[in-house]
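Shared between the two complexes below is chain A, which pairs with chain B and chain C, respectively.
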Partner chain A sequence: MSRRPDLFCLAALAFSGAALVMDLLFSDPATGIAGAPLFTAALALLCSVAGWWSWKSATTPGHGLALVVVVIGGAVVALVLLYGYGYAGQVSATFWLFILALWALAWRGIDCLAAFSSLNATRQRLVDTLIPVLFGAWLLFLWEVLVAGFEVPHVLLPPPSAIAARFAGSLDILRADFYQTFMKAVLAGYVIGCGSGFAVAVLVDRVPFLQRGLLPLGNLVSALPIVGVAPIMVMWFGFDWQSKAAVVVIMTFFPMLVNTVTGLSEAGALERDLMRSYGAGYWQNLFKLRLPAALPFIFNALKINSTLAMIGAIVAEFFGTPTVGMGFRISTEVGRMNVDMVWAEIVVAAIAGSAFYGVMALLERKFTFWHASYRQN
Partner chain B sequence: MPETTKRNVVTCEDLSLTFETADGPVFALSEINLQVSQGEFVSFIGPSGCGKTTLLRTIADLEKSTSGSILVNGVTPEAARMNRDYGYVFQASALYPWRTIENNVALPLEIMGLAKAERDARVAKNLALVDLLGFENKFPWQLSGGMQQRVSIARALCLEPELLLMDEPFGALDEIVRDHLNEQLLRLWNKTNKTVIFVTHSIPEAVFLSTKIVVMSPRPGRIIDVIDCGFARDRTLEFRESPEFLEVAHRVREGLRAGHSYDD
Partner chain C sequence: MMTSVTQQPLVQPPAGIGTRLFAGNTGPVTVILLLFVAIWYAGAVYLNAPWQIDIYERAKVDWTLGDLVHETLRQERPVLPAPHQVLVEMNETIFGKRITSKRSLVYHTWVTLSSAFLGFVIGTLLGGLIAVGIVHVVSLEKSLMPWVISSQTIPILALAPMIIVVLGAIGLKGLVPKAIISTYLCFFPVTIGMVKGLRSPNPLQMDLIRTYSASKWQIFWMLRFPSSVPFLFTSLKVAIAASLVGAIVGEMPTGAQAGLGARLLAGSYYGQTIQIWSALVTAALVAALMVALIGWIERLTLKRMGLQP
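Up next is the complex of A and B:
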């Protein structure tokens, strides 16, 4: 038999086995977690699962799913021990061996699950979404357990549960901040910046001397440091969202300009000759050939700019703002050592930023389905 | 039809074209004299760099001549282009990947500003002509190379031009597909009685298709020989094994040799 030993299951077996032995031999409640019946039972279960899996060398997606379920059960036990039994801050080595065993099993489980391939599109999509979700959930769990187990001070790093609690408890503030920063500054700046970048690109393309004169200047503007520009914009446009929108305009203008100018020269010589042979005018040429050909580049800029706009608006709020806004909240709550609020704002920024990017990526798929990178025969 | 009633579709007199490059002038065309009359199938043949594509592009007003005169349908090439007097088929299909087959064929009609009903009728008619009904809603990248090239022929025919300019349209296709398309093209030409100017570097293709073969030679690009071949219009692929065919093919090869096309 040339079966390769399943290293991850073997590691899980070794870790949980060692933990079980230590748990049974040194059942001294004073030294930490050892001796709790729930913990002993969980260790025994992990031992047997890891042993069984490495013995059978089971690697189908179904087996992977079963492993994931076991790991989730183990994770729940770990959280119950930390918070329900009050062991946070005084866990022993056996506990960390238990976590290591879980980690090894989680790895093997996701690994098996990732190999899933089905002709049924819905099922395939379900598994394809499940994998990053599980991966993220595992990272959050590890973060929680490490912070609670080692009693890391909250100022350094609050556990995800504290962030979630703070998030749920300050929905009104977060909503107001989101509205101020995203709905006003980011969206307005994004639309104006991308729109004017696009319009100037078409103009630059039409008037050749602008290409020589204006593009280097645009390059210069894009190299301006945001921390220098933001206070100036505040002086020009006041404390409210308009100055942040102006910063966003400056940040998003150039990527759109450069990408559109490049995209407009993307149509091939043959395709242009074809238009010429039809006696097509400038605008027909632009709308029927050059703009469609430029779309992949334009969407590239829209995606880059969606993240740049978030960063620009939040950072700009550090330089003067009314008492609302994501950047304002972050800078003041850091000053008050209210780090879980800062993290809650980071979560909002992450969700808004990814959603924004995701919408642009979806639109890109819809409009550039014909491009070689998306084609489906 | 007596020869005298046939009108000249293309007339070149002492036509020359010189490209100025950093390495000095390149004489792409030198003193070309050529008449193409209505209903003819004329092939330009010659090695790379002999100016056959440049000559076709000059007829289409995609290049400007430096001296001499050229008339297309009795007017300048530019006027002929703006009148949409010709349909041009390129080496590659040049279909726009974001448009369906139907909309690709309709593209020139949109640019002309025809009404939707008229566009649809012409698209259906020309797709039927190249045997591609049923593919209207596919995208170009979902079709084979031969089918794509047929779409581009339908697109050129859509303008309903008297003159069809074809620049090595089947050059990128394999020989089996090429033979098949040659036969289809011949049938199409026979049926529609259009004038066709066809650039190729394949001797069998030129001899099989043409009523007149223009043999060209490079440096400077010039015409070596003009061979008339009045074969029956309804010839089939078997014709390529006949003695008449081989005789004309031999004469083309001799012409190419005289123009130093086979020199090292």
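Up next is the complex of A and C:
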């Protein structure tokens, strides 16, 4: 069976070939670092061999994995060259050609992996998580190499390694900030906001008039820049976490209200008729039919709100805090140009935000397993 | 909406204007709004009263409830300004000043809106481009899409001060840094909506266009893109609101020079509550207007395309 030659194999071959030629012909022993040119030459050779082999053979996942291993090896060597040999800041065109060849190989490897499809759900899921993880790792590598290779000032963009070092070095501060912002402000505001939104929605649901009046307004409110109330809340409730919680309450209230009201009208006519024929009262109807039917909407609001709550609390801290908190740290360290600390704080925010969202998604899966989106065909 | 048509009698009694108003959403919404304003007034009286009573007691004058209400609604720096105070301030700063003046709210709104709009346009183009890539390239879908989705869970707005200050440090100031924040806030919803939309043609339609032996390019322009338009507009409404939030938050770390965000910050520094509220109400109005504008364009477009009666 004849196949079209893969574009990325071709690119990998071309780049690594060029790197090889440049390295052997033009490497200047005076500026070159001892051993480095040979190193890149060997790697470029490896890349071209891998590219050649990949071109000749079929697109199988095992093949993709082999390419990934080659790319990881190449990436490690590139980092060793940069930091171990003091290559940073005086990298040659050869080095970038080598990186480009690696990039093409990586893409080819991902292509091979992405073509994988299996009836075995566990294997499929394994590959489907492996691909984005590899992609993310590649982006981090590229970030590191570009920043180190071009000597981008750390004030502008610190490399991931510097951020990781700063993260590991200031765990105490990060923990205190996390505790202040997340455990106090976000959680309190989230519980109060979602709880009151839910309660008001159940009340509103009893009065169709209110329902018709509030729903369009609630939808409108979701488009408004509510974070703007932050300065007012700081004036009213002081500098501590209470004012941040108040902002979070306002931000999370309306999505919960709108979603719950919509969800409560979600139960089908058939089910309603059935409940009526059982002679079910309002409360039985609510707890046995309508609330369960509204759960997907309620969880949707809970998930949206998990992100909104983090944003609300962090932005509110820009308007004044005691000297602790994620938003406070971000705004002060930016002022001191400690950009790696800001990035470390953002890593915390990202982890907290995703974990919060993940917990909500897990709960959703547990409670709405019956919903169409979770059923296997 | 929940109007149950089936339960109405066949021959309807002639409906008065009141009945007709309250059959739709207009009546209820108006009532709720009036209720909201009433609660606002009550809140203003309640929150501003302690300070006013303090003044009375220091001056040792007798006061009645009427006096109290009257005075609490016209303080200069109230805890909660009354709606009419906000309206008066807005009227003065919107219509009372030349629009080039630094004290004019129109000027500040324009500063915010222009960067929000620039970010919105770039973000939409970028988001659309990425969506096209994701739909057409399998490895992009598998590697990039999970990141696009999980990036929604990250409080990305926290990056805003850093972008502003760092770009400011290398000499990039004014419109562009704020537009960058708006860009990254609004490109995610567009990407996700467009991926959904570009995938929305059903298998029958895809099969049909394949039997015509259409190229990928033709499939895109004749089938995928037209069917994604409704999704696009839904995302655009989310995106314009998000880009406005991005621009407002982006104006805060620069030390309050111009824009609605700067008005909020300056107001909070100097305790000018009326100024904060008028900036806030203006921001809300602008956001609502922008969303309504896109809704209007949506209706026109969908009508032209024959997607909506």
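FYI, the second predicted complex is superposed on the first by the 327 of 377 C-alpha atoms of A that agree within 3 Å, B and C clash if a C-alpha of one lies under 4 Å from a C-alpha of the other, contacts with A are read in each partner's own complex, and residues count from 1 in each chain.
Basically, contacts are C-beta pairs under 8 Å (C-beta built on N, C-alpha and C of every residue); 3 or more make two chains touch, one makes a residue touch a chain.
The shown structure was predicted, so the numbers you read here are calculated from the model rather than taken from an experiment.
When the two structures are aligned on the shared chain, A:Gln211 is found in touch with chain C, with no touch to chain B.
Of the two partner chains placed around the shared chain by superposition, chain B is the only one that A:Gly268 touches, whereas chain C remains out of contact.
When the two complexes are overlaid, the chain among chain B and chain C that reaches more residues of chain A is C. When the two complexes are overlaid on their common chain A, residue A:Asp340 makes contact with neither chain B nor chain C.
Looking at the shared chain after the overlay, A:Pro231 reaches chain C, while chain B stays out of its contact range. When the shared chain is aligned, chain B comes close enough to touch A:Pro292, but chain C does not.
The part of chain A that touches chain C in the complex is made up of residues 107, 110-111, 113-115, 128, 131-132, 134-136, 155-157, 208-217, 220, 222-225, 227-232, 234-236, 265, 306-307, 310-311, 314-315, 318-320, 326-327, 330-331, 334-335, 337, 339, 342-343, 345-346, 349-350, 353-354, 356-358.
Put simply, chain A touches chain B in their complex at residues 268, 270-271, 273-280, 284, 288-289, 292, 295, 368, 370-371, 375, 377.
Within the complex, the chain B residues that touch chain A are 57, 60-62, 81-82, 84, 86, 88, 90-92, 94, 96-98, 107-108, 110-112, 139, 141-142, 159. Taken in their complex, chain C has these residues touching chain A: 1-2, 22, 24-25, 27-33, 79, 138-139, 141-147, 150, 152-155, 157-159, 161-162, 165-166, 169-170, 237, 241, 244-245, 248-249, 252-253, 260-261, 264-265, 267-268, 271, 273, 276-277, 279-280, 283-284, 287-288, 291.
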